[in-house]
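Two complexes follow with chain A in common, the first pairing it with chain B and the second with chain C.
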Partner chain A sequence: MSRMGSGPVNKRSKFGRKERIFGYSVIIPYVAYTAIFWGYPFVWMLILAFTKWNFFSKPRFVWFDNFLKMFTDKVFLQIILNTLNFLAYLIPMILISSLLFALALKKVKFGRTFIMLSFLVANVSSGVAYSLLFSNLFAVNGPVNRVFDALFGVTIPWFSNPQLAIFSICLIITWKFMGYYGLILYAGLQQIPQSLYEAAELDGANKKVLFWKITLPLINPSLVTVTVLAIMLTFGIFTEPYLITGGGPMQRTTTFMIYMYDTAFKRIDPSYATTVAVVTALLSYGLVTLIRKTFEREVSFV
Partner chain B sequence: MKKFVSVTLLLVLMITAFSVKLTFWTAPNPYQEEFWKIMVTQWNKQRPDIQIEVQTIPAAGSSEEAILTALAAGNAPDFCENIFSGFGAQLADIGALYAFDNFGADFTKLVQTRKMTSIIDKWAINGKHYVFPIYSNPMLFWWRGDILKQLGYSNPPRTYSEIYDISKKFADGKKKFTMQVISGRNWWDRWYDFITYYYAATSGKSYIDTVKRKVNFGDATGKKISEFIYTMFQNKYTAVELGTNPFYDGTILGKITGPWEVNWAKETFPKVIPNIWISTPPVPDDYPKDKPVYTFADSKGLVIFSTCKDKKAAFEFISWVFSNAQNDALWIEKTQMPPAREDLTTNPVFAKYMEDKFFKAYSSNVAYAVPPALIDKTIDIQQAMTTYLVEPLMYLKGKPDDILNNAVKEINKILF
Partner chain C sequence: MKKQEIGAYIITILLIFLAIIWIYPYIWLFISSFKPAEDIYTTFWPKSLTLDHYKFIFIMANRFERPFVRAFLNSLFISTTVTFSVIITSALVGYAISRIKFKTGQVLFNFTIWQMLFPGFMFMIPLFVLIRNFNWLNTYKALIVPSLTSAWGIFMFAQAFKTIPEDYVDAARMDGANDFWIIFRLMFPLAGSTASIVGLFTFIGIWDNFLWPLMVMKDYNKMPLSVLLASFNHEYASYIGPILAGSVIQTIPMVLIFLLLRKYFLQGISMSLR
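Let's look at the complex of A and B:
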């Protein structure tokens, strides 16, 4: 650090003046960006979590009050359970569907790019737009239920039964992310040398053995990546339940994000919303660490 | 000549130096924007000493979000419209608003001129007026007159029993239901079902005692309403989910809505429109026949922030706009929403708008439309109403009386 200042020390710098100016000019945009859009909010977050503020008055220091409030907050507990419920559906659904997508993509001979792009369209479409689309599609008198009614004489309460509502939302999210996560797994599959399969086949391994003993263990890094991304995704679910179910029925689809948003801007309690955000971040970080510790294996192709 | 020029120049200089410049935020809605642009242009020409700049509330998740972040950042406008009365109460609670009562006699005079003496009562927050009501959308029921006629009725139903009576003839529990009883599962939906029914059954009594911080709807009327909702679901006269546009495809006969649906319905379902009957919300059987039926008002108003540079100047502009009934006529022309005044049906200025049956129905109920209870915990209370009252009634979880009592207990906990 001492070399940054001017003075005699500077003369001993191994870089010339021009080089130093160039160096700083390269890093300054990044440092400034980080300070403004990351550092400043981070400091504010810490201040908010330990104070009481209502957008208008001066923040009042309250020590750990916001954190203590969380222990008696029934809604917060309900949301933790909801999130686990979401994870229980979403992780298997998203892993299996994107793995199937990746495996199928490997088999495709023509138009692979076109198929990949088609699945990615879902990923880049507007959350608001497809949420409205799905809520109409799965409405009680919507097209999906009309088909069910015509074929089996029953209609399914997609968004009004608590478990079904969670399942339906997971279905929408799976639809959105299948293509993207599938590509990550596809890249993993591509890395496995063909010679491994050939050698195993010579040893008499059938397709089942090839999948369970070679493919699955060797795409472990990609699978863990996808799982970690999906966990972080689950902690950030907002648009779909906010627009389709409004967090109901029985508050079963209320997520951390919905709670933060409503608490900050509808209940006018940004301090508590920030505290919820901090704890949510820690929870998701903890879960991600746990998953990585348990499932991550080092894979190397010799 | 030289003297004249220099004097004029000096005057202009003085005016610009001493003139106030106020920022005014309006709803991000093209019709309302148009209205306010016309008003402000006229005003700015007349009053070079008080210049007003109109800006629409910046695009954000919601107007609330935009206003709160602006307050936090210290660049809030001087005054702002499109403030929902409940949000007004929250803003007043954090000390961000300036009460109109501070203008004393001038405010009283404005209220009288605009014919809103009884309306303004329901807008008081802790005894003071922080929100100046602009428009008031009474929530009314629309009924399928064509189908009701076929069933042998010449009027929309008025009481719960009349609704049961129609249901026995019409509802089959599968594809035909009498009406939408519950508006949805979001916290704000409670305004359009339980709270509306409560206002209707009690002549506009508040569902929450905001002074004692206690629930009012745990009374006999609340029981009748819970019973009604429960009966409708138990007999499959209504359903948890009714699908998209059930009213227009004939799945249901009646539903509650505001005037904002009129133009959309006219364009989308022109064939249904002529057959629509409009009524006030249903009431218990013993509700007096000659008494007017009250309803919920979805209404918005104008506030002056406590950070306003010149509050008196802002009020002068507000007075100027709302003292002239012609301006309210222009408002109707542009937005199709009934201004919050009691003389809409009697004042000749508005006569020509009364030819439209929808506008007429909505305006004649403005005087009986009550805004929500102005309390700081609206969202938590109504979330609890959803979880402990409406959802158990919908899913028939227990007896209606027990459900109501439990809900009252839970909500009192939040209030206290």
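Let's look at the complex of A and C:
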């Protein structure tokens, strides 16, 4: 009996040792790789943020100068305003449109796959390709303006008026992400038990009450997820303004990423560019935390 | 009840109409790339079709120092290399940190989650400095090596492997299977949807990557298509036809892989909620 029992136990511990050896032989190369391509840049990021450097000289330690410089850097302050401007259009546009899309998708009678794929295929488009595509489609004398001209006798300066340029870029981003975010919300809607609606209807609640008191509070987690994703996305915008407006008109569509790129490679100031990146990350992290603290609610279906 | 039914049909038709508007830019792009240059802005239905723009891309563009075919192959090479590497390393490391009982694994698992908190753009300039110190600027290495592993991929595989019952693994071990066999013959097929999701998002992410290759690649012969197309547009903006044809070529692989793996794309979306 004891021999029968001890066999597997011994074997198991032998497996354990072999497993650990295998584990280490996988993990050690991975850790070494991560140390080089993640750890080293991480350390350099900290060094650059506190030094002055131009790619060639020796980095000179300047304490918080890079951070202090931002408070007097007109372009940087303009970019903060630009980003708020982007958020002011994008967040409502993307939340309302993807929520409507999710609600409508629940009611769809036929062609659901076609609809989902059509909206999602916008999401897997290439940033460079669709930026070039839209800058032609919405060009001053482009096809869209020709339609507007024929119908209403006006042409719209999609990318040359500052507010319109921001709005147009937000429109393109909404085009890209509405299907994706809509499906996240749709997955949230699917989790709400039908019995809740039936019970509320028995109590005499109307459609409006059902939406505001049941649907909206219960998809809170997915709504917050979408908002957070959209915020992080906004702080990382690069390709669209870089290719369509070049940051103009009057630097109104210049984003943090464009500024980081230009500072590093056109003004040859990688230390300040890195500081811009760090502060951008902190700002987006701060805003995300604020949104989570303010709007996130625990939801449980009992 | 009847009224609701009618409402649902109206919504359906409205959504199908919207879906067509959503893919309209693609349709316009595709049709326009076959239209003579002077018709691109003016007519929707082409009066005549031409292959000039594609001919330009495939043959003429070399004379403009813009080798589009080569750039397409570059993109394909870079994206597939990175995708396969990410899938394999993520499966290996994911297995090590989720199924092997040792403390280092747990520490590393927490570390990968922590890693995901940092947006990639924070490291771009410092990573550029590293690549420059390695003398890797303007080489394929600069585009491939920094992306060979992915914290997100490891996390996804670790989560998927956790759900596979221990009995399966024990049974395989009793039969003398080694770790590689367990990972790639037993676990990997059971985590097929995770592998597809990780592969799909990695491929699309690398294919579409623009800012990083823009920084490290100035050599037209080794550029991925995204950067070559942008630089062509920058200098020859009036060649609208070839630009649109190039955009079609840049878009096709992404749409193809999406249509191929669409089922997993939808699963990936519902997974991002957990």
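Quick notes
The working rule: the second predicted complex is superposed on the first by the 267 of 302 C-alpha atoms of A that agree within 3 Å, B and C clash if a C-alpha of one lies under 4 Å from a C-alpha of the other, contacts with A are read in each partner's own complex, and residues count from 1 in each chain.
The definition used in the following text is that contacts are C-beta pairs under 8 Å (C-beta built on N, C-alpha and C of every residue); 3 or more make two chains touch, one makes a residue touch a chain.
Keep in mind that what you see is a predicted model, and the values were worked out from it rather than measured.
Clashing of chain B with chain C is the outcome of superposition onto chain A.
Comparing chain B with chain C, the partner in contact with more residues of chain A is C.
Of the two partner chains placed by the overlay, neither chain B nor chain C lies in contact with A:F167. In the superposition on chain A, A:A139 makes contact with both chain B and chain C. Using the contact criterion defined above for the overlaid structures, shared-chain residue A:Y180 touches chain C, although it does not reach chain B. Of the two partner chains, neither chain B nor chain C is touched by A:F67.
By the document's definition of touching, of the two partners only chain B reaches A:S57; chain C does not.
Of the two partner chains, chain C is the only one that A:V124 touches; chain B does not reach it.
Touch criterion met: A:Y261 reaches chain B and chain C at once.
Residue contacts after overlaying the shared chain place A:Y197 against neither chain B nor chain C. After superposition on chain A, the stretch of chain C that runs into chain B among 95-103, 113-121 or 131-139 is 131-139. Across the superposed pair, chain B and chain C both touch chain A at residues 55, 136, 139, 141-142, 261, 265, 270. Residues 54-57, 136, 139-142, 145, 157, 159-160, 245-251, 261-262, 265-268, 270 of chain A touch chain B in their complex. Note for the complex: chain A touches chain C at residues 15-16, 18-20, 22-24, 26-27, 30-31, 33-34, 36-38, 40-45, 48, 55, 101, 104-105, 107-111, 114-122, 124-130, 132-134, 136-137, 139, 141-143, 146, 175, 179-180, 183-184, 187-188, 221-222, 225, 232, 235-236, 238-239, 243, 257, 260-261, 264-265, 270, 273-274, 277-278, 280-281, 284. Those residues of chain C that touch chain A in the shared complex are 7-9, 11-12, 14-16, 19-20, 22-23, 25-26, 28-29, 40-42, 44, 89, 92-93, 95-97, 100-102, 104-105, 108, 115, 118-119, 121-130, 132, 145-146, 148-149, 173, 179, 204, 207-208, 210-211, 214-215, 226-227, 229-230, 233, 240, 243-244, 246-248, 250-251, 254-255, 257-259, 262, 265-266, 269-270, 272-273. By the touch rule above, chain B contacts chain A in their complex via residues 61-62, 64-65, 68-69, 71-72, 90, 93-96, 184-187, 189, 239-244, 246, 249, 251, 376-377, 379-380, 383, 386-387, 391.
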